[in-house]
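One chain, chain A, appears in both complexes that follow, with chain B as partner in the first and chain C in the second.
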Partner chain A sequence: MDTILEIKDLTKIYKGFKLDKVSLKLSKGYIMGLIGPNGAGKSTTIKLIMNLIRKNSGDIKIFGMDNIENEREIKQRIGFVYDENCFYEDLTVMEMKRVIAPFYKQWDNKVFDKYISKFELPKNKKIKQLSKGMRMKYSLAIALSHNAEFIIMDEPTSGLDPVFRSEMLDILYSLIQDENKGILFSTHITTDLQKAADYITFLNSGKVVFSDDKDSIIENYSIIKGNNGILDKAIRDKFIGINENAFGFEGLTNNTEDIRKLLKDKVLIERASLDDIMVYTVRGNE
Partner chain B sequence: MVNLILKDILVQKKPFVFFIVFAVIMNSLYSHMDASYVNVIFIMLPVMIIIGCVTNMSIKDEKAENMINSLPVKRIDIILAKYLSVFIFIFIASIIIFVSSSAMNFMGIIHLERLMNFKDVEICAIITIFISSLYFPINFKLGYTNSRYILMSLYMCIFFIPLAIEKLIGDKVKVTPEFIVYINNAPNWQIVSFVICILAIVMIVSFFISYFLYKNKDLA
Partner chain C sequence: MNIIISNASKEPIYEQITRQIKDNIINGILYQGELLPSIRSLAKELKISVITTKRAYEELEREGFIETVPGKGSYVSAQNKEFLKEKKIKSIEEKLSQAIEDSRLIGLTKEELKEMLDILYDNI
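Then we have the complex of A and B:
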């Protein structure tokens, strides 16, 4: 398995925030979702990968090369989709393409034209006149037109309607079929990842909660529902987070088998969604 | 590198059209002034256009900073390209003023005592390189939004403050024309060489300060 991205003990310290020894690995042919609440460190991690901000310590290797020492070579092979409009707003779709294309050795105008037609983007419209969805499509068309092997997307689906989000996930899914590309995709819309991602890395308060394949995560975590009366100290300790109200409790656990043995038919055990995992982990046992 | 400079020119397309119109209007205004003022005007106008180009480049690049830094370039390339773009702007601004003023003069729309010459371009280059060498490190450190008044202030310092002082003091000290005329009439190649050396040192020092400030800058 060829590794596209390998991050080891990546640390970045800001005033009031620390990205703390983040480690993760992504291989060719897979989509990794980077999830976490706002301020968890998703964008910081992506900016560090793209060398937009400087790390305090740790290693980032892309295609087996250091991301700073081999910056030019690596960026030739990366397609980056931004979370906001970073293009020159006064230029048209085609003018902006003419600015960007010469930077890439493998730029392919035919591929660009194909995506422009597929996404129904108006060639002569100024970028500032495009809707958010169109700008995202444009950013994606640019990222896909130079035969990038690694696509990095920072919150690409936030603020987009479900139809376009679904369309975009289909595009990503079709891209990954040639097994030569890898995609890292940050979002807090976890339902998108449930559809498309193979691996999930969950960041919370600058730390990796888990980085594993999606199916194992879904298998490991469960939502338990039952009466408040059965919650003693020993049981509570088996939960990552519990939400209690007058009608009973609902909690997230990664000790499903223990709970099953201890409480048998006193509780209802359901499969946890990524949303559940994120919400309960962030809230904890407050 | 070349692509970064080309990018700086491509994003200036619209301002260039504006600057041509601006040049035509200004030409018709200053043509009635006496020769000593024309000496200043042939330097002041191109510098104004270059400052406009640098300002426009800084505004646009600030918004597109993450995009530029995501391209397959190193930060040192981005810095170097900005410094080199200034030379392109000097060339373009001089062409705009020279062609527009000469054309208007030959067509009889204005009547100039003399045409713009290479000496004007030299002085314009000296002033522009000096101003941008002071401005770029601040721009790389603070970004355009936090440094937007600095470039204009530098321009004012070079042209308008001496003029204002002269107005205040009266005929006792003729600051602006004398200063410009003095450089304009530099007697020999030693002075020119000296100026070039000083300017090269200022620019190189400025470049390294910019590099030092920008290489470890965390982008927003």
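Then we have the complex of A and C:
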């Protein structure tokens, strides 16, 4: 069984928001990034995976098992990092650990201590005295200390400085040296993903725009720049979004090859970043 | 072995890796039978995704530069050095042809071009 996570037609309806038939698949040994603007449904998807909220319909399988029927077993094998605080504020770092550790059969104090000193977390400080970044580090230390096979993180890098974000990427790379592990993380800071992620799932308004390997995405999408004059109807149709100004246009296409054939020397073709893809897709042809 | 990845280059990252590993093999920096880093450790070192390094290795395998033994790793294959050299010469010929075409475009004579080549060859 090589699939670590498989979601099919997952639907959740709120007043004013619908997570609409989300499907995605992640194999062992890889990192998937979940991207999208605020309110796209990233956190809702993660909460549904963790069975923190009820779905309306669809299937979620983790390690090949239904995530609700086998919740206990599955959660033993998951490390979860959440962007909101879910610890007792008045306990210290070590006290909180003593509350959490017994839940996990495979809890490993040595690993935990290693991360606490690596992250320079003060053992006797109360949770409420920790800064946002320290809380995130603490949450990460807890998630990584019970030999989890699947790490799920909701916005782990938001509010963290570039130095720690880069440190965290190193940790992710170290985890993934074990080809039986998998990582899913949501973020709107796409530069983190641009490096490490193998797969990208892009959510917008509750729908999957694409869920594919990052290299193919980067190859298919391009930023095109040129004179406004060449934009006729047929050309415009090849773009996902175009931004025109007095001196020219810049647009995003996922038809790079067509554009190259049609316009060759008349335009500049540049590699699109995940940010470009997100911004143009969300704004469309405004 | 050094591998330098440019994020600004138009060349896809997996191609940057295959090209540099090939060069290392052709230039004798990597020996026949030498064990290459695993796709996962290479991804970690270069700060790129595993799927990219995997694709690079698959490409090298297809072209016969490396062989992968499941559970053990990837090794540099026994290479036909003459064949590799032949390939390289062909690519040099192509580049020179391009230079000649460009020279004709601006009216540079054969002698002038040769002179340029002499100077460059001695200085690079």
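Quick notes on this one:
The rule we apply is simple: the second predicted complex is superposed on the first by the 285 of 286 C-alpha atoms of A that agree within 3 Å, B and C clash if a C-alpha of one lies under 4 Å from a C-alpha of the other, contacts with A are read in each partner's own complex, and residues count from 1 in each chain.
Note that in this section a residue touches a chain if its C-beta (ideal position, glycine included) is under 8 Å from a C-beta of that chain, and two chains touch if they have at least 3 such contacts.
Computed from a predicted structure; not experimentally measured.
Taken together in the superposed arrangement on chain A, chain B and chain C fit without clashing.
Chain B and chain C, viewed from the C-alpha centre of chain A in the overlaid structures, lie at an angle of 150 degrees when rounded to the nearest 10. With both structures placed on the common chain, the touch criterion links A:95 to chain B but leaves chain C unconnected. Once the two structures are superposed, chain B and chain C can be ranked by residues of chain A touched, with B on top. By the touch criterion stated above, A:87 is placed in contact with chain B alone, chain C being left untouched. Of the two partner chains placed by superposition, only chain B is touched by A:54; chain C is not.
In the superposed pair of complexes, A:176 makes contact with chain C only, with no contact to chain B. In the superposed pair of complexes, A:72 makes contact with chain B only, with no contact to chain C.
In the superposition on chain A, A:103 makes contact with chain B only, not with chain C. With the two structures overlaid on their shared chain A, chain B and chain C come no closer than 29 Å at the level of C-alpha atoms. Counting contacts by the rule stated earlier, no residue of chain A appears in both its interface with chain B and its interface with chain C. Within the complex formed with chain A, the chain C residues making contact are 10, 12-14, 40-41, 43-44, 47-52, 55.
By the touch criterion stated above, chain A contacts chain C in their complex at residues 29-31, 169-170, 173-174, 176-177, 179, 195-199, 213-215, 218-219, 271. Note for the complex: chain A touches chain B at residues 47, 50-54, 71-76, 78, 80, 82, 85-91, 95, 98-100, 102-104. Interface residues of chain B facing chain A in the complex, by the touch rule stated above, are 3, 6-7, 10-11, 14, 60, 63-67, 69-74, 216, 218-219.
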